[in-house]
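Letters A, B and C mark the chains as written, and numbering starts fresh at 1 in each.
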Amino acid sequence: MPDPILRLSGVFANIAQYHILQGVDLEVPAGAVTMLLGRNGVGKTTTLRTVMGLWRAHRGSIVFADRDITALPTPAIARAGIGYVPETMGIFSDLTVEENMRLAAASGPIAADRLDWIFAAFPPLKTFWKKEAGTLSGGQKQMLSIARAMAEERRLYLIDEPTKGLAPAIIATMAGALRDLKKQGASILLVEQNFSVARLLGDSCAVMDDGRIVWSGAMAELAGDAALQERLMGLSLEAG
Amino acid sequence: MLIRLISGDTPRSPILAAILLIILLGLAFAPFVFPGTRSVDTAARICIFIVLVASYDLMLGYAGIVSFAHTMFFGIGAYGVALASIHMGRGFDALVVGSVSGAIAAAVLALVIGLFSLRVRAIFFAMITLAVASAFAVLVSQLSNLTGGEDGLNYQIPRALTAAQRYLEEPFFGVRVNGKLVNYYVVFFGSLIVFLILLRIVNSPFGRVLQAIRENDFRTEAIGYRVVYYRTTATILSAVAASLAGSLFAIWLRYVGPDTTLSFDIMIDILLMVVIGGMGTMYGAMIGATIFVLAQNYLQNLMGAAEEALQSVGVPLLPLFLNPDRWLLWLGILFVLSVYFFPTGVVGRLRRRG
Amino acid sequence: MSAAPDHAPTIVRAGLRDRLAPHVPLLLIPVLIVLGFVSIGSPSSWLTLTVSGLAMGMMIFIMASGLTLVFGLMDVINFGHGAFVSVGAFVGITVLLALGGMTGSPSLALNMAALLLAVVAAMLATGIIGWGFEKVIVEPVYGAHLKQILVTMGGLIIVEELILVAWGPDEIFFTRPETLQGAFTFAGAAIERYRLVAVVFGLALFLAMRFVLRSTKIGLIVRAGVENGEMVQALGYRLRAVFIGVFIAGSALAGLGGVMWALYQEVITAHMGAGIMVLVFIVVIMGGLGSVEGCFIAALLVGLTQNYVAFLEPKLALISNIGLMVLILMWRPQGMMPVVKAK
């Protein structure tokens, strides 16, 4: 296994008086897709947010590319090379698609070939380039959200449920784009409920329960073992 | 019995209990312990401001709403008594009609403001009350036919409440027993009753819901309480209590004017008293109002003396800051510091120690 | 990557009604002007009042714009904003009075140079004070509305009192620079020169602000930050720094508004800022907290209403604006152009 690009060691985080993360140990290998699985409410989203510094880890450490980012402010974490796609998509609906993309490229204009690549992955973005993002459909917003993360070369992508609530056709588009991203050698930490997508993309996999990582290993191992799925997540994902 | 009277809300600190008792006894026997027109007047003001500040605390400390219209309600009660006394002639009936109609007007106005601004965002309320209160103050000073404008109104109250009425030929414990003394006790007991009712309100189930809303309005709404309803009701109750305080003030002073009831300076005074005494405690109102009114009456003299002393020594610049007119500067600084470092005020501090 | 199936664009062409809806507030201005014309009757008085209403509206907008953006960005409501108006007025007018030789001369160039110096001094002073205010008064109470309101109100009191210490308790009367004095007649209506200048200047400032917000990267960051500050940070922008910048700019604009307001009134007092804040708050609420365009439209509506009603029934001028706000809130409870908040 290659060196991890991101390592969480014993991370605890509280939201108000609730203990959401209770000692998360997680390694995300470089150049691979790591799936973060688990039932709703076990702390997957909080884990991603804590990495981004949007919640604070009050114990434990988060190391990204050999640098301790536990206490860094969110913008510094982002500029260290992490692209973040939140569960809520975080689209700026008052801004046009173009302006959303312009903001996403913090260090300067988006390279032309990169833009072509994004348009090829998500054709509707080209169609609605000058439209206000608020007028897009749910699927198009999700595309924009991922496209924003892709606007610049990042060393790690944190992507939270990109296929949630989308129609099958759009899920296929999304999965295609993520696979494309993976092919380019990106490191991705992906929260995903759709198991067929997870199996298609995932190299390794970590399962959360109750604020901790309860199992981690190769995706193939989990995919092939219905009993393990049942034990870890209380349901078999094979059906998907 | 006593515990029931204060709705089971004990001071929970021996020092606090002692201070409150001293204030209560001091006010109850003020005409005897501190004879003299000025000190009795100060005591009456303290009584009235305790009610005014306590009613404000119901909104700020318990419901978590910031209003800048509290003096407006105060003024409505005062002008109610004044107008009734002028148009109905001096008499107790005028005092009652004035107080009651003032309270009703305050309640209706509070309901309307509450419905408009609390429905959307609590923060609207602060801005809207500020706007409405200043519009009201401008209107009162412009409608001079009715309100006497900037000069305000002088009127007569029943003779039984004035110094002209003697009840005993001989002084009682060295104090003349006249209408003015009776008037003081009208103010004292009136204030005491309203204060105890406010104490009852905040310790009722209604008061507990208010505090839950203050802590977390989303969650309280989710449990099934209509947040807007509770906040608006708190606003109305608070407005009515403020209006009654205004009525007592009008009975005591026999004069109302924009400066004594409606001015924004009084609004700032109320804020200071609540914060210094301790938000969300009710007893904070007693302490805050007492400290503040005493300081206002006596500390300004001290500042004046200090200014003159420094001036005569020839210290530059500093006297400018000690001019009694700059007393608000120091209050402002005290206020900001209290909100940062002392948010629970005197009462919170004492309770934590106790 | 060819696997992606086509899917039809889902934007349905909106009906005329829906497409017009966002622009309805803008239409209220001509409606109000026509209404004013009908109720005033005399075209010349109407024209005079319209110009002064627009001038007043522009000045209120300049003072209010910073406040609404500051709220939009960080959910901070600054009740001490009026202090910047007063400080701006005092600093600006002090400079103007010191440059009496330049303002008294009939030369337009000299007048404008003096005015420019005054405005720059006022904006510098209020910008710096704004920065300090943000650091000392506002920063410790982020996210706590109740404390924010109390503390910023405390800040207002302190600054007002400091003005009294520095400039003394009396109001200061003065006259405008020579070339801004007097009126000219147009279509039978007397129009004060200064008011027309204020209208033109205010409009130019609004357009400039709109350009910055719509077409520059910093403007994009501000607009995006109003909607979803967290995401702006997750894209690598230091929102905190942007916010401080907006706070300083907003304070400087309030200072500019203070100078303009002072020139309009030809008298300054320490409480003038707190006084005008009543109208500023009405405007900010009517416009929709966080919206610069809404703020602009609301400011013009308030300025016009104030002037028309003051002519028709002087005692009701301020009340009429409260009535206007009530009407607007009945129509759109979040204000005319509410800002989408992602929370």
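The working rule: a residue touches a chain if its C-beta (ideal position, glycine included) is under 8 Å from a C-beta of that chain, and two chains touch if they have at least 3 such contacts.
Just so it is clear, the structure is predicted and the values come from calculations on it, not from any experiment.
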item	value
Arrangement of touching chains [line / ring / star / complete / other]	line
Reference chain B; chain at largest CA-centroid distance	A
Computed distance of Cα centres, chain C from chain B, in Å	34
Whole-Å separation of chain centres (CA-atom averages), chain A against chain B	56
Separation of chain A from chain C, taking each centre as the mean of its C-alpha atoms, in whole Å	42
Residue numbers of chain A (touch at least two other chains)	none
Sites on chain C touched by chain A in the complex	1, 3-7, 9-11, 217, 220-221, 223-224, 226-228, 230-240, 339-340, 342
Interface residues, chain C side, partner chain B - complex	77, 79, 137, 140-141, 145-147, 149-151, 153-155, 157-158, 160-162, 164-165, 169, 274-275, 277-278, 281-282, 284-285, 289, 314-315, 318-319, 321-322, 325-326, 329, 333-334
Interface residues, chain A side, partner chain C - complex	52, 54, 73-75, 78-79, 84, 86, 88, 90, 92-95, 99-100, 102-104, 106, 120-121, 123-124, 127-128, 131, 134-137, 139-140, 148, 167, 169-170, 172-173, 176-177, 180
Chain B - residues contacting chain C, complex	60, 64, 66, 116, 119-124, 126-128, 130-132, 134-135, 138-139, 142-143, 264, 268, 271, 275, 320-321, 325-326, 328-329, 331-333, 335-336, 339-340, 343
